């Protein structure tokens, strides 16, 4: 019997409803895992609440009054959106359940993060659909092809072409041009010109966030606040309003201000992004009895950098912004990225971290490619190296845990 | 001091009794859903055989995937460390590299001169080329896995198997059988493909002499030979290779307890 | 924590006052100061070494016969004085003391207040400008030698001073506009004074649109940088910890790229550096850049300093 189109749509809608419920459960489950941790304190509830937003877009609308700009990847300058009256949201996703919606249309080995991001467009309501503008910087191939993956949804993406060489004049000037072009585009959308002092105020707001984040990192290095919470807090920055995020982080840190922290062996977490509710890797590292004293994830420590300008002209400000989001970033999609490894080794030496866990999402090619060279150099420098390749599913927890436990033994 | 090591693996549960570093008794049973029952049964059997009472046993160490399931353990040891220690002691401190083929994983472990884990590689999710793979082949070929070694030596012309995936290899074997290939040739081909998979896994790890093979499938002489040929290296097999991990766990526990006792004695 | 830029502003203003007006109080600091304290400013308290270098008694306008007499010793003594002062403060003379440099910073301050952007040079143009200061240095040594030995007209004497914009601009602060006049006593003086007027106008406009525009061409900077490696002050970088954020490159008034791009060497005191320390101030990585006096760290980069220097507590203070 042939289903008529109404019936077909009806069954599709039912499936979408079912998956939506699964996604909500996934988020709630992860939040309650975090609540049950022994190092949970009431001040952290604020951040868990932030993560109830992706599954209930109506709440997002109520909470933030300004029009939304959705951003894929961390290269789009938040300060610029803020100055022109938009609320920027970084659209990452760590949801496994949502992949059911997108995986039929994507290659099997698609980066899980992209799979989940694409899935959001198949829901009847999502943060993605609330955004007036969606900005995509062309970092990795997955991101570059993202607009193509959702072609049938006819979503108008704004694409920023990222120069993959940073330390050359033409790379820097091309990116500055992109920033100027974005500015013009946003001015058109906002219907007003960029105000120089407004941009200065925005920069200052984000500098305050950077300052709070710097303290968070310092606490983490000393073992006062654990890696998982640090990552959750940083993740929340990607959604939340910057000023209230800064205030709440400062409040949380007051609570963790103790003279001494944990003394488990410390590890460095490098590699592919980790985003709520996909916290498997950090939770397992801690379960195996190690502390993540530092990371370089683009959803955590790489997220916030300082913007320093000494030219208050519009050009000076935009140049400062352009370099902050280009030169400061150590995404492996850059070609001249030799500083990243040096910085990692330096951090490990400074904080006496003996091993590095290299987290790799299956299909995340830039990190995968780098991992082999990293392994060689890191071992040559006398540190331990463990590469863990995985995805959002939970089935390999035991296998990963076994490896992490043995890894811990090698650190002692 | 008598200690017990229990290795709750995915394919089999192994129990060993040791006294001052020497093996008293060891036995393995296939893993059943009732892990604890199997463990207790093995413990009881062991105690009866070596004529021990419960109070004679200083402690029990658990390892393997089910290590947290057994409630009576004093210490939980991760299987990679246990394997390293076990193989190191059993090889009389000679082993520097171990290749362990388990029920659903393959590990390559490098051991330092002091018998500690130096570095290791382990397959992720995919369980190709592990013990399960042989079980599947045994079922299809209608041959007990323990006979694989001898049969592979009777092979005249080895068959090339493309897959080590337990699922795809199954259909490949079926089609080879239907093409009239002999069972022995297929078995020899199986060994070859597993050996290749292991050599891929070792990858960037430089295998230090001496190399030991352990885990259940290590008793298979045909497989050992295939790995030797594939790695172009000499490989030793420990006696009763399936018990190294449990043995290692028991050793770690007994060492820890004797250290504690000596500290106590010093305080007195 | 003292803010370096404030301290620098204070030191600069004080040296400006002392060097420009100190003469009125009878202060005499000699004739070999490694900075543009112009001798044509009537009330100045010390003289720029470039003048001594070109002069007949203390410098190169000297015949070979005179060079091996007591005159040669005098010139050597003058140089010794310059050398000593140079190695003590090194490039800090440029960034912290030089009154002409201070004047340029004030003009830049004014430009920033007006919200006018700084002009940018391309990397190639910036690199091409580098040798000019050495060429000027060679000329200002060769011409006096030619006057002393090859019979070049003595109206070419003090060739650099004749065209130096400081000679025109600095005396203004002593109320003296005399040097803007065109000297038509002979074709040489007429030519030189017209060239100098054009150059002064060029640099004056340049200074407004570009930080430390004159320093890009300054032969004294070139001379100091020749003896830089004997200097007590050093600018050092911990290359492994540098994330390459580019702040140092952006804030540098002389657009020096080496501090940012250096990945191996510790020493990042380059030939154009004026030790203004803006790069150290704006580096967000702890102790990546530091100012050293011998082996001792005087000032180094840190997150805390950045927070204090660049984050404004109240919104109202922002828009300056």
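Residue numbering begins at 1 within each chain, and the chains themselves are lettered A, B and C in the order written.
Throughout what follows, a residue touches a chain if its C-beta (ideal position, glycine included) is under 8 Å from a C-beta of that chain, and two chains touch if they have at least 3 such contacts.
Everything quoted here is computed from the prediction, not taken from an experiment.
Participant: Name the chain whose C-alpha centroid is most distant from the C-alpha centroid of chain C.
Facilitator: So the chain farthest away from chain C turns out to be B.
Participant: Which chain is most central here if centres come from C-alpha coordinates alone?
Facilitator: Chain A is the most central one.
Participant: Centroid from C-alpha atoms only, then distance chain A to chain B, rounded to Å. What do you get?
Facilitator: About 40 Å, centre to centre.
Participant: Taking the mean of the C-alpha atoms as each chain's centre, how many Å separate chain B from chain C?
Facilitator: 74
Participant: For chain A and chain C, what's the span in angstrom between their mean Cα positions?
Facilitator: 46
Participant: Residues of chain C that contact two or more other chains, please.
Facilitator: none
Participant: Identify all positions of chain A at which a residue touches two or more other chains, and write them in rising order.
Facilitator: In chain A, nothing touches at least two other chains.
Participant: What does chain C use to touch chain A in their complex?
Facilitator: For this pair, the touching residues of chain C are 112, 115-118, 122-123, 238-247, 250-251, 260-261, 263, 278, 282, 284, 303, 306-307, 310-312, 315, 318-320.
Participant: Which of the residues in chain B end up touching chain A in this complex?
Facilitator: So the residues of chain B touching chain A come out as 65, 78-81, 105, 116-120, 122, 124-125, 204.
Participant: What part of chain A is in contact with chain C in the complex they form?
Facilitator: 166-167, 169, 172, 196-197, 200-201, 204, 207-208, 211, 214, 305-306, 308-316, 319-320, 323-324, 327-328, 330, 338-339, 342-343, 345-346, 350
Participant: Taking the complex as given, what residues does chain A use to touch chain B?
Facilitator: 372, 375-376, 379, 384, 388-390, 395-396, 398-400, 402-403, 405-406, 408-410
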